[in-house]
């Protein structure tokens, strides 16, 4: 029995279908990310779970209890809003205490739990500040503490880190993940940032145009994307268009490449995904050759654009301290056989 | 909080206000329209609830009323034009000032809106009298031979009404200047436009909505002004509002007074709406 | 920073002089020691301010205006708050129409309002009563109350309310603990602007005020219609001092430019 179940959840705004028949089982303590471009329905899904939108169809169950038509103030879920939605007229401590007060928790216990929550997010010395006097990161922590202090069965995070700068965001990703694992709270994160989803989640739900496209662990999602949309959205990739030659090979621009095409009929049009970091560049030798277009330095690695018989490709190579291949240099390309992933053609329209 | 489930909430929330307005604004207006079709009996001083157009025919055919309506809308037009001529430049000058001067002068210019019209009109009455400041100043400057009084003159009434109403014009233009990107002016200058061209071609069209709403406020408030025309204009310079007042409280001919008020309401509405149409068509672009 | 040229500054000086001249004239005359209209050439005198105390009619009218303004703006604001929440928070058919209804007293000439209220109160037996003039003033000041409260409702972060709801607060608690404190400056600003408008109103009140419900501006109008003397100047000076004090309060509370945009 799943802890939180979304069953055929649907939301229509007039003619527009924001969320289309979404079903998802979430286990207790799991960290789930809803990942997708803006307008894919991920935030609407979260708001339906929170009770801020009524679903047009389907239902939501928590521990077997139907939540679908329970008003938000009776659901008891913890939510961190994208804007943090702190109460501007209350101090950090009063913000955090609000939910406890609503639950009729006594003064002494309330103070104690607020102090503990503030401590948890390293804001003990900011208790009496108003939101206006806090930095972006501090506000984010207050919002998190406010959501967690009520010990909710489910924590909902709506793009909680998108307003922070890049460095702070990475720190908070790590901190949030550690906190979540310590407390063991079931968490749903909405994000459009694939690296955030990859780094924090137990499982990722990739959404597009209201539908769940693929539900998988981050590693499986990355290594075995279900279709071109997922492979393009989760990490960088080279998408190659070709046709099936045999069950063990495909042909791209007249070049025959080894790939697992079992189950596909000969001559079928397919697309294949090749991750840039799987491509190994070497001195010109036999096999596939290419020409370096640009070499871009990223500190830990080099990014190359390559002109090859397969078309333009990108490749990533770790920085070993050696000088890179120069622009215009001829190189040979190779990759492990299982690196080239054939994607089902019918859903490659994303 | 959930959407869709509480469609009645806004009606429920605005119900007290709407009920209040229906009872206390709708009903009185309907009663007044009805009253304007009733008859006044001069012999008994009573009101005959018999429907007729007599009052409107009186108002629309009598040259006495023509003169009063003509004067009222003439003054309203004059006051509006003067308010545009002095209020728009003042708003522009204010907008270019630096703080704290900007805030101080803005307060001086628009603060008087909150001072009673009676007080402001009294000030002009003091200045206008033959012993007043203006008379003394004109004689001292050699511009007048003897005491001059602006009391009970058209000029006096216009000056006092401009004073009472020009803050509305400044305020309206000021508000639209706030929305103007100052870099747009710089851009025009950098393209070789002279300061005058920038004002005429760049600034003016963009503050047009402000001038429009300002002049509508000034015009309609002047057309229905009572205290200032009554004190400065007196019996010699009667306007619609003071005439209606006299019909109600001196002659006690309420039906006629009601008809005068309704004609004022309709005429003002028609003038304002046609003006709005005209300007909106002309400056359609800046109104989006 | 672009600067104003000489011509602009000369124009500005004349404009300010024009605005201040009548107000200064009133103040100057009110300090005269003579028995007739004149400038206080031989020293400032408080003679006419003392004389006000001999005219209980003005004192009574002052209290009348004070009670009236307080009652009318309090009723107007308590009706305006839910209405502004409806207009500012909900998309519903008829929303524009509802807004137009609440702002309509601004569009109707005060004389028309005056004659309408006079007729109406006569018909229902409220003529000359405090209740009658109060209700008339509620309608008159409602647009100002609505505008300022509406501005603060639409300017308030919506998600703070959602957050409170998800933390377990009932609708009423959300309103009392979150919405109300956040729109309070707008409510206070709207109340004050409504109060000042009611306190200063002449044109409509002159029709509905009876000798028992005579407001200060109406009393002053009747006095000026008879005679202009330093006494009325002294009363006007006190009124200006009071208004400036309220202006400062309003500025502190809400920012004067924002309030006055509501007036225009």
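Order of writing sets the labels: A, B and C. Residues in every chain begin at 1.
As a working rule, contacts are C-beta pairs under 8 Å (C-beta built on N, C-alpha and C of every residue); 3 or more make two chains touch, one makes a residue touch a chain.
Only a predicted model underlies this, so the values are computations on that prediction, with no experimental measurement involved.
K.L.:
Per-chain C-alpha centres versus the global one: which chain is nearest?
P.N.:
C
K.L.:
Could you tell me which chain lies farthest from chain A when each chain's centre is the average position of its Cα atoms?
P.N.:
So the chain farthest away from chain A turns out to be B.
K.L.:
Round to the nearest whole Å and give the separation of the Cα centres of chain B and chain C.
P.N.:
Those two chain centres are 17 Å apart.
K.L.:
What is the distance, in whole Å, between the centres of chain A and chain C, each centre taken as the mean of its C-alpha atoms?
P.N.:
Computed from C-alpha means, the inter-chain centre distance equals 56 Å.
K.L.:
Calculate how many whole Å lie between the centre of chain A and the centre of chain B, each centre taken as the average of the chain's C-alpha atoms.
P.N.:
60
K.L.:
Touching two or more other chains, which residues of chain B qualify?
P.N.:
Expected reply: 1.
K.L.:
Quick one: which residues in chain A touch 2 or more of the other chains?
P.N.:
Residues 51-52, 71-73.
K.L.:
Which residue numbers or ranges of chain C touch two or more of the other chains?
P.N.:
Residue numbers touching two or more other chains: 162, 165, 171, 174.
K.L.:
Mind listing the chain C positions that touch chain A in their complex?
P.N.:
157, 159-160, 162-171, 173-174, 177-178, 181-182
K.L.:
Show which residues of chain B lie in contact with chain C when the two form their complex.
P.N.:
Residues of chain B touching chain C: 1, 7, 9-14, 16-18, 20-21, 24-25, 27-29, 31-32, 35, 86, 89-90, 93-94, 96-98, 105-127, 129, 131-133, 160, 163, 166-168, 171-172, 174-175, 182, 185, 213-214, 217, 220, 223-227, 230-231, 240-241, 244-245, 248-249, 254, 257-258, 261-262, 264-265, 268-269.
K.L.:
Please give the residue numbers of chain A that touch chain C in the complex, ascending.
P.N.:
50-52, 71-79, 81, 83, 85-89, 98-99, 102-103, 146, 150
K.L.:
What residues of chain C sit close enough to touch chain B in their complex?
P.N.:
Per the stated touch rule, the residues are 1-4, 8-9, 11-12, 15-16, 18-26, 29, 37-38, 79-80, 82-83, 85-87, 89-90, 92, 95, 98, 101-102, 104-105, 107-113, 115-120, 123, 135-136, 138-139, 142, 161-162, 165, 171, 174, 196, 199-200, 202-203, 206-207, 217, 220-221, 224-225, 228, 232-233, 236, 239-240, 243-244, 246-247, 251, 256-257, 260-261, 263-264.
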